[in-house]
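So that you can tell them apart, the chains are marked A, B, C and D in the order they are listed, and the count of residues begins at 1 in each.
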Amino acid sequence: MQQYDPNEIIRHIYRAEDYQRLAEELLEPSVYAHIAGGSGCERTLKANVSELDRIQLLPRILRDCSSGSTRTQIFDRSLSHPIFLAPVAYQSLVHPEGEIETAHAAEATDTPMVLSTLSSCSLEEIAKNNSGLKWFQLYFQPSFVDTLDLVRRAEKSAYQAIIVTLDTPVQTVSHRAQKAGFRMPDHIQDANLTNYAPHNTIQIEQDESFIFQGIMRQAPKWEDLRHLLAETQLPVFVKGALHPADIDQLLQIGISGLVISNHGGRALDSTPATIQLLSAIRARVGKNFPLIFDSGIRSGEHIFKALALGADAVMVGRLQMYALALGGALGVAHMLKVLREELEVCMALTGCSQISDITPETLL
Amino acid sequence: MQQYDPNEIIRHIYRAEDYQRLAEELLEPSVYAHIAGGSGCERTLKANVSELDRIQLLPRILRDCSSGSTRTQIFDRSLSHPIFLAPVAYQSLVHPEGEIETAHAAEATDTPMVLSTLSSCSLEEIAKNNSGLKWFQLYFQPSFVDTLDLVRRAEKSAYQAIIVTLDTPVQTVSHRAQKAGFRMPDHIQDANLTNYAPHNTIQIEQDESFIFQGIMRQAPKWEDLRHLLAETQLPVFVKGALHPADIDQLLQIGISGLVISNHGGRALDSTPATIQLLSAIRARVGKNFPLIFDSGIRSGEHIFKALALGADAVMVGRLQMYALALGGALGVAHMLKVLREELEVCMALTGCSQISDITPETLL
Amino acid sequence: MQQYDPNEIIRHIYRAEDYQRLAEELLEPSVYAHIAGGSGCERTLKANVSELDRIQLLPRILRDCSSGSTRTQIFDRSLSHPIFLAPVAYQSLVHPEGEIETAHAAEATDTPMVLSTLSSCSLEEIAKNNSGLKWFQLYFQPSFVDTLDLVRRAEKSAYQAIIVTLDTPVQTVSHRAQKAGFRMPDHIQDANLTNYAPHNTIQIEQDESFIFQGIMRQAPKWEDLRHLLAETQLPVFVKGALHPADIDQLLQIGISGLVISNHGGRALDSTPATIQLLSAIRARVGKNFPLIFDSGIRSGEHIFKALALGADAVMVGRLQMYALALGGALGVAHMLKVLREELEVCMALTGCSQISDITPETLL
Amino acid sequence: MQQYDPNEIIRHIYRAEDYQRLAEELLEPSVYAHIAGGSGCERTLKANVSELDRIQLLPRILRDCSSGSTRTQIFDRSLSHPIFLAPVAYQSLVHPEGEIETAHAAEATDTPMVLSTLSSCSLEEIAKNNSGLKWFQLYFQPSFVDTLDLVRRAEKSAYQAIIVTLDTPVQTVSHRAQKAGFRMPDHIQDANLTNYAPHNTIQIEQDESFIFQGIMRQAPKWEDLRHLLAETQLPVFVKGALHPADIDQLLQIGISGLVISNHGGRALDSTPATIQLLSAIRARVGKNFPLIFDSGIRSGEHIFKALALGADAVMVGRLQMYALALGGALGVAHMLKVLREELEVCMALTGCSQISDITPETLL
């Protein structure tokens, strides 16, 4: 793993998206392919960005924004800004300190961090390095006992919410990464899962399907989610639900919020760009239900557009990894600062002093 | 004809479409051009794929797919999966054993194979190598006696249905293939037609048109199809009808099913992509009439979309030829396995356990 | 001027449009630029073709086309096929015999030829070389006496109709040609205009506009057209009218037909593609008013689409010049044969036996 | 700074846009990037041009344009043509004489010039070199006293109107320019601002935002504009208002006209192309309210389209800079002549004798 001089990197960044540009130039190609790639033909990956791009903003003039602020609230938490660090797995892939560096950046910039189940550092270690707002992303484990143990550990380490990811019961590989010859290095570990039963080797009968009778037999079902909700007092968000019927059912069983996500174009290809679905979902869940937008955010302008169409906050995944790879904690913190400033410029030029001013009326 | 090591080939395939990518790299360019090319400016060829691509899928969460299966039914036949091997002509062009290898792959994967009239192996020989589901694709011959003889032979060799192709009374050449210098090698024979009267050399008077008074004089008419239907007990499908008026008339004269096809973009250029027409045709023929979708399928995701818009099954032509060229029977079988798994992944991620769950509601 | 072996050229042509491809390879670049280029940014030039391309055709099956024919009628003339040779100026630019070769091709293929006022051979000489259907394209001259003299000469030489071109009172240069360094060679003459008063050098006062008080002062007005109609018994077609109000007025003053044209994208750039306007114009002028379609035709498929949307016939300009440049009379005749056969293939595959069968119902 | 031979330059210009083509070839790349670039991803920059491009014009025939003219009126001023020189800052960047050369060109071609607050020559010096129509573009200064002093100086130097630019309280950098390494040379001065208090260094507390509590604290508010209107008798135009609510309020407080502009794609990226908004704004302000169109004009055809959709006149910024860079006063004058002639050609071919004939009816 190449190490970079963060101060040198920062001098070449004019906007948050430049972290992607530099990463493409500097990272080992297969690692870049793994991070940047999406599933299938990358139609969803591309649509996530292009659909955000083509939304148009209508500037305002002469409005007093001198008491402006990005401070906002989600659930009952006050946030300095509406940007979350998404739960990206295996961050040691790009930096020797992995999620610890990310945690330092999160704390320094008052940014909520979501730690992945598939973290390369244990959730306890991250908690020691981040006294700020932190949530835990949960993948259901083959054994519910283990799943529950993860939750108990998160509770004990003062994680303030759980985000359950439900859109990838079957992994969809990144062909870009495969063609680039990417493989996860051996030194990277599932630090959170070391004491649990390993995933079963999938055993199927002849004439059975590896997908249906193999993988999907182990996939979580509605009863697992209900069970989880009954077992924890933490707010539970669901990440990856997009269909209206699924959302209705989630509301009914009492989740605390949604992360509107297509896994950054890494799950089912041909899924719509999340921004295409956002305003209909906002209309469905009502004005006050917490919605975090994920997938496609590359700039403060994108954040502004997602907020305008109904999100309370957004998550940033790939930019986080590029910044971590190139600049460690300093890179991530700088990327967040640039992103926030891009958002503030959009707010100032559209006359929005507060996050709550960012409504559909700011769009053409 | 170059021979490849199938095991080596298979190691480079991540999804079914990679057979096309590898074929473009490895095959003799004029042969690749002949297979990959379409008629005219290839507008229909491109639209077939791009119109499938742009349909969007809506994933579902937490559904129990552990008893999922691709098993389905068409007409009165049960199929392991809804994928047919399309009747591609002259398969000896890309593999010395031609259609025999394809037959082995069909049998091994429980895939219905449609043998072309223009097969480079006789229909009797293929029947010996394929005890599974096999249908016979029929081109009307200049003499109806010969046409009928083909049908009788197919009946005798236990082909279970006839597919009559009607969209190419005039051949439209592939300019891509012509420019690449493609010509059909001399060793390739119309193995099914050796005992029949050769096609007449077309004789026209001065001021007559080679197309109208030449070729079209020999083209089949409605009475020929009616005659055929009266002569055989086998179910007769028609391939290539797209116009509502033609479809109405076909229903009236009592065919057993339709293959919705534009000949893979190899017939009249500027014909719509078949997927543009599919749902209107399904509405026209009613819920239970057998419809097989052809032209443009390059992935399991495409299969899913065609099923969602009303097809009972799909046909795969070019992918079959690429896999046959590069891997023989093993290649074709592997391609079918990959394609089927791609379909299963789509089903799992959209929460469809059964083929009948794949409805328009799975689309955005 | 390079001379080519027509037989060699013909062997490389698979469809009419290949004449363009070969011309781009073989012609002196500035000459190719002059022929292929359009005015301004070539938006209209490109739209002419792309708007024809994107129209979709619906094939038919099993129809009896054995007595098919491209024979048709316009005005009171019977035509072997609905293809006119457009009045392209200065054909000696690409072949030493210029319009004489074109005339031989027209006669040999029974194709109506429209001779340009700006012909490099005199209209009398062309008449001697073409006993077939020929029309004369008229540009109003600065002096009406000269204009009328052109008409009288056309009448005397048995031209059967006049086409008055009205869309270029101001010439719009081809920037592509200018940048390629094109200039008309000195040896090329306005053979029809040698005895007439030369165009006045434009004299304008200070503060006057070269365009308005210069060029447009000499441009024809409605009274000139009325005057012309009163002076000749020949049918008069108008080429270049597109606005509904202009078309209404033309119908009222009694012209015999329209050529729907934007001068092949060589007049005002940003003019719509003619195919965008055709069906509305057909609706406006009624079922029986003669309409010839021009601008954008590159294939028989394009011809079919123009006829389907209301044209009685089409004109071919650039293809004519490419074929003349590369193959002389033989090239032009061959190009016409290929184009006609492309049309016949479209007719056969859409089940149209006669030109009158080509209706909007053949389109999707 | 390279000097060019204006006569040599002019020989390579066929249309106004060629000044851009030549500038891209000849200028120092970072300077070209600074002029040509836009903010963010340059979506607005591109849309400004492409949205103008795709509007279609409907030509007319046989109309008498011999008394045609581009003369028009805005407010109570008669103009030779509806083209303004936009207030481009720091023109000494591309020519040693900067705005003085532009002033000579303006005077020679009877073109209204708008001088920028950020001129590299003082407004008094420009006034000495331009006895013609000239307006002053005003940026509010941190101190209203200084702002008012600028206005008084403009009044004293016989500027006939004030244009207040309000769309860039926050500067949005051009990443293209940054990446090309552009920096403003030291020798360039804010000639109009030398006697004023320098802009305050922005001081913010910890936890304050540089954008909101820093820059936006100094930005003009509605009361500043009202104050300005009360203090001057000159007509005041506002540049940069696009939102209907802002336009309503501006009408209410009594401004004299609007410049419909998105700062040439140099302010908030994702702002709509101005031509998308123009006709709705014309409908909102009524038939007689002065509207000048800015952002995207690259040709006379673009001018025609903006006038057709409701503008009284247009502004030209980038073309002005390219022509100034390459040809000084002669270049700017020539560019204006070419642009005007392009407009006249459009008028002639659409049958518009007068600017007032250019209505929406000239469009498809």
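Just so we're on the same page, a contact is a pair of C-beta atoms (placed from the backbone, for glycine too) under 8 Å apart; a residue touches a chain by one contact, two chains touch by 3 or more.
Model, not experiment: these values are computed from the prediction.
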| item | value |
| --- | --- |
| Superposing rotation of chain C relative to chain D, computed on C-alpha atoms, to nearest 5° | 90 |
| Self-contact between copies chain B and chain C, residue sets same or different by half | different |
| Intercentroid distance (Cα basis), chain D paired with chain A, Å | 43 |
| Chain centre separation in whole Å, for chain D relative to chain B (CA means) | 61 |
| For chain A, residues contacting two or more additional chains | none |
| Overall pattern in which the protein chains touch one another (line/ring/star/complete/other) | ring |
| Which pairs of chains touch, using the document's own definition | A-B, A-D, B-C, C-D |
| In the complex, chain A residues that touch chain D | 14-15, 18, 53-70, 299, 301, 305, 341, 344-350, 353, 364 |
| Chain A residues within the chain B interface of the complex | 40-41, 43, 166-167, 169-170, 172-173, 175, 178-179, 209-213, 215-217, 219-222, 224-225, 238, 240-243, 245-246, 262, 267-272, 276 |
